[in-house]
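Chains here go by letter, A, B, C, D and E, matching the order in which they are written, and residues are numbered from 1 within each.
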């Protein structure tokens, strides 16, 4: 065991952990809330920088052979995860002053980073749990809503069920192979035996549940609506990204074969349709985004249909763009004192007149989520469907595209509310906040880069 | 210098000057430009004619202005072509046109749209010259449509009156129907020959190797175009309505020039018709039927201009009769004589209307010969000319038409002759009826009107005199022989060869019979005519209603079109089927959205159950298909 | 000795029983206990497979599951407590304010 | 059939009974007791199979820590809750059916009847004794060991956060 | 400066304009207008220079730029002028300043956003025309939706939200399937040639089996046909036009609709020539149905804008007919007709906007005798009406005539070979000439002639700004109508290449599969 490797390979994680420790120490020592934000932000920034450096260096290392390894791809994914958390932290400041909020956030992020590097199923399991568990608490931390506890319970029970399902799947895979390596999963994909395939199905089902794929999506709309805005942003971006990275880690580059293809295609397809259709009549912004995230989870899992390196490219690019746009949307969302009311879509009416910058940013986010060119969301969608088509699933690709068409309407409806409908009298004033502005600029910059130079990210694979 | 181009462009310059500057620069300027440029064009035409004469009987002047568009090695040139046929037409257009411009300076003196009027008139001349000078059918078509436009503008000149504006629209659209036929013929020719130059078309059809296209089909299609422009059945409906325009316009466009474009076209493309007996037959039959039926309608008209309008339709029918039987030169001859006397008649009518302060109903006229003698004199000469009284111009051309209708080996027949002569008889009758009722019978004018009557200014009467003189002596110019190098005169059936002079007498007799009958009926005024009408009320009503052709079109074409468009296309197609299905899909999606929202019950246990359903379903699926 | 298939069958049945419990029992605490049952079923499967494949990693994972189960309960119980205080009920069917 | 095997069957039957009792018992306390009995039965099985480490920790952690906490909470909340009386949710029938289907589906996929039985203590088998197991655990899996600590810290912070939040929203 | 630089300036000038306008301070509306207008004028001059320097006798792209963009997939920033797009690019650049000038007094709400959107759509339209890369084309193609969505939805009439959603959802649907088809095409080419590229020049070389071609062409055609719009996918157009502000209508009618026909010409037919031949009877039939159907519907409308909107359907039917004829004259005519329709319909919509600004009514029934009240207006309206009808000497005639001539040239051989469908269709198409006159003259007669009446009378006649706009359009109309030779010379080579590629030497027009 090489200690230098242990430190360097896990540097981002270590920095996150250091952040947690410092925060906890501070809480014990002084209990001053303000420090929480600063420390967390610095820890995140350091971790992000570390991940980026590792990626740029092209560092490869496996300090815990067979359990944990780092390559440039993993570092890039970690960088994406941590960097996405930066604006989330920025918009958290006004809602959450407590140190523990940031500790939980960092812990969850730690778990997500673990997923990306895990080489064995126990590591993956721990990463998944470490990522999810703090979020159960985070959902509840939104004291603005009376229903947060309900949302948290729903998330927790379904998450717990998913954990059990995942473990059962791991057990089956383990029973089949006698190994706990993640490679077992990829091997099982090609197997025609029922035991490993059942294991794969159970693992995939648990990932589906964590990523909110129909019919495992029940928790998502309720949890998103019940949680506070920053936590919703966190769930919609980082948790989803983490789950997908976990899936990527499991699937590697192995092709998906016949009976599993249908599982991996039909349920995401149903998700796209379900999410996009159900979102049409929502009146709560967060609930709408929840359904939208259900649909996006569908696209993301669609990307797994394709084989080879294009898979990782598609997933990472999609996750990054989707995450940026979601965070951007939440960053500029006007917030009133009454969370339940300012969450109504109608409160966005006439937003352009009141706060043009916010309206335009939100509009860009919506169009990008809808996947309309020239927004980067289009390139992401393009990548996914290119992979599906390249893998030969023309029918699924066409159906998926048609499903994505269904989603255009409700995104446009948001724009319609903001730009075309007159403002009503009793709307939250929602004055701009500096940190939220910084967060939105933090999202906007990469969005612009990815619009004009998507190759910057794509060529890294 | 490109003489032909100059001839064409002179009136265009007039149009631009008058149209853009006319209102600012005043009436004198407008009059000088408006009349001067057509007169210049006339002079230029004369020069061209001299050049042509020097070049020989079947020579032609050719000027290529520029290439309009090219496709590979083919293309369309804007080129002008001037041979004897063109020369005759151009002279008529610029000559009669100039006269009418001069007349208009008097007639339109007080109209607020004076500049606009002259601009339109010049525009018309421009297009008409393009029509006859154009070498290719395409350039011809430019003029063809253009004169339609000018006609549209001039008919609707007093556009405040919706009826007049509507008449303009009707003229344009009816013409458009014919134009569609013209275009079809043009397309066919271009496909078959790769050219639409008319001289080349004629040559191609005369060539020993026949073009790969049916001459009859082309002939009929082009003739459809001609029926539109020349107001032949079934597209004749627009011409009588076109009298809504100022009277000089009626004289110029709807009597002397534009309406003869169809005749010109057929004569110009005689090469096709010579090889298309079926098409020629169609032309002859349509022509003679038009001549006859229009004449019957003219019998009962009471509007002075309407009578003349139907007479025009009828005369045009006779021209087509001549074309149909292969006597192209004769048809042009009639175009030429008709231009003089019909212009004279219309301008005379204009003078009458001018004198009466706008009154057009002949039942409210009478006894005018004493009050406006100059007008009366010229009108009478022209009436005699159109009726075919020798030795006036109309006599010569009409006589020859009827003769060839009977005797031509290119489709002449007794039936054509009988109908043609009947039309001729009726023409004589209704023209003299007009003359009697307008000028000679005792006055039936209201007191006010009578007080107002005055002779027109010299700018008008002078023109009338010139035209009357031309109507009187124009027939002595043997036009068919002049044109013979271009337009062959058909062979006469052997059995009739020696009876030509006999039929001259028959024709004179017919004209005189008409004169006598009109004199008998209308010498004393309206009474006898009304009595006759009362004896045959149904016939009178049919004639007065112009055979209800307009109503028929309205009922058969326009209303169904409207109904189908409104109810079937818009209501059923657009709204119900297309938009309906789209709205249906949208509603379906919304309902589905509601359903899906209802699945989200908020019940934790149901969510778990959904997940379990998913797991079980996946397991079962994989197991079944594994 | 014992039959692998039988133990595995027991594990599946216990897993299903736990899941059924989550679905059918209205009491939130019972629900949490049923989740524990599911984890126990997984442990049984892992132990069985560890024996069958003669490897240790299954048993190691069991230890991790112990920890995670404890942590999960540690988070779940306060949530349920808070809910029961808010709604003065442990009836999960009543927790349906968020829906649609 | 040896006594060991019989005991395994017996404990298996006990565990199953405990599981079923959890579903039908009315009061949460009874459910907790059923779960405890189920867990103890499973621990028995593990012991019979020779996996003593797991058996011990099953009893220590699960029964000793988790379930005690659970029972404590149940006692804390021992009020007459409607859910004590009406045990079952609307999903009773579909839930049972789905459970049966799931068990069946898993069984069909994974259980091959007639496969060879486990032979614990065979030469290739690893040792489940505490000391060798611990050495192996800490050598090969010390990353996970450390990670569990992070997890537990996070869980503690989460629990505290939830409780604090609840307190504040009350006050 | 290199030649390609000019073209890049042309394309990116509106984008720069967007940035500049965005950077302007709040409330400086007239400054915003001036900057936008200046940008457009500059762009027009660049386009004029490029048009002049474009050499019609040289095959292939001119002023081309080819820079890798997403290297991994072979996507490049590839733009260039060729014979097919040179006229449309010029048209777009020509209409740009007119659109801005036309909206000078019409827009008072959110002026800045409006002009940014106008520049945005200009950018997207030019990009669509210039793109020589399938990916780039698609991006620009779809990018047009967003500004149009806002232009209609923000500054439109009463039912603007319905109309704009209808527009976007209609057009987006077609695009989605096109996306699938284009990815498939690229992947197929990748499979057969071994390297992945979105370069149109390479893609058109791929030999696809007929069945695949048919599927792909159908997907492309759906998207293009919606944009054209062809019957029965046209119902978004009247609503969009009626609800759109003048600017929106002008852009829509002037340029946007040509995207569909351009798409067929640039992508649909040349990429899938065999399928195009096989589908030609269907396309031709739909084109002719559009001609007649549009004209008939225009006949029964009571809203001026709707009449012009339906007339657009009819006129673009001619374009499609010309393209589908696969005859050189027909294709050339189609290109000319696109430009002509852009000018004429654009001009008509501008005029409707001018009168609407004065009276706030678009109902035909509200007007009468404008020729007396607004003589200058009436003159221009008459000229545009006549150009719309296709009177000789106007551009409308040149296009329509050549299209019909081409259709007949193609139809006769088929007729002689025993296939009467093309001939029947061509004859029906000619009847559109009559119908066109019917509805346009009806419109002109109702509003210009008769008893003088209008809401909010007395009205002021056109001011010099409005007159200047219309003079520009009218001059262009007559220039093209009288001297089509010059523009046609620029397109001829490209058109004949198109014809040879699609017709494949032997024209088996209408020969059903």
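Here is the rule we go by: a residue touches a chain if its C-beta (ideal position, glycine included) is under 8 Å from a C-beta of that chain, and two chains touch if they have at least 3 such contacts.
Remember, predicted model here, so these are calculated numbers, not experimental data.
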Revision key, fill the gap. Common contacts of chain B and chain D, by label, are A, C
Practice item. Would you identify the chain whose C-alpha centroid lies closest to the centroid of all protein C-alpha atoms displayed? Key: E
Review point. Among the chains, which has its CA centre at the largest distance from chain C's?
Key: B
Study note, to complete from the structure: Relative to chain D, the most remote chain by C-alpha centroid is chain B
Review point. With respect to inter-chain C-beta contacts, which pair, B-C or C-D, contains the greater number?
Key: C-D
Point to revise | Rounded Å distance, chain A centre to chain B centre (Cα mean) | key: 77
Review point. So, what's the distance in Å between the C-alpha centres of chain E and chain A?
Key: 42
Review point. Can you give the whole-Å distance between the Cα centres of chain D and chain E?
Key: 70
Revision key, fill the gap. dist(centroid_CA(chain A), centroid_CA(chain D)) in Å evaluates to 31
Study note, to complete from the structure: Residue numbers in chain A touching two or more further chains are 122, 126, 129, 133, 136-137, 140, 146, 149, 152-154, 157, 161, 168, 172, 175, 194, 197-198, 221-222, 282, 409
Exercise for review: Note the residues in chain C that touch 2 or more other chains, in rising order.
Suggested key: 8, 15, 18-19, 22-24, 28, 31-32, 48, 50, 52, 54-55, 60, 64, 68, 71-72, 75, 79-80, 82, 92-93, 95-100
Review point. Multi-chain contacts in chain B: which residues touch at least two other chains?
Key: 597, 600, 602-606, 608-609, 612-613, 615, 619, 622-623
**Study point:** Contacting chain pairs - touch in the sense defined above
**Key:** A-B, A-C, A-D, A-E, B-C, B-D, B-E, C-D
**Study point:** Touching residues (chain side chain A, partner chain D) in the complex
**Key:** 17, 20, 24, 64, 67-68, 98, 100-101, 103-104, 107-108, 110, 114, 122-123, 126, 129-130, 133-134, 136-137, 140-141, 143, 146, 149, 152, 168, 172, 175, 194-195, 197-198
Point to revise | Residues of chain C touching chain B in the complex | key: 19, 22-24, 31, 92-93, 95-100
Point to revise | List of chain E residues in touch with chain B within their complex | key: 166, 232, 234-235, 293, 296-297, 299-300, 328-329, 332, 369, 371-372, 386, 391-393, 397-398, 401-402, 404-405, 408-409, 412, 426-427, 430-431, 433-434, 437-438, 441-442, 445, 448-452, 482-485, 488-489, 492, 496
Study note, to complete from the structure: Per the touch rule above, chain C residues touching chain D in the complex are 1-10, 12-21, 23-30, 32-34, 36-37, 40, 43-44, 47-48, 50-52, 54-56, 59-60, 62-64, 66-75, 77-82, 84-85, 89-93
Point to revise | In the complex with chain C, residue positions of chain A that touch it | key: 120-122, 125-126, 129, 133, 136-137, 140, 146-147, 149-154, 156-157, 160-161, 163-164, 167-168, 170-172, 174-175, 177-180, 221-222, 225-226, 282, 287
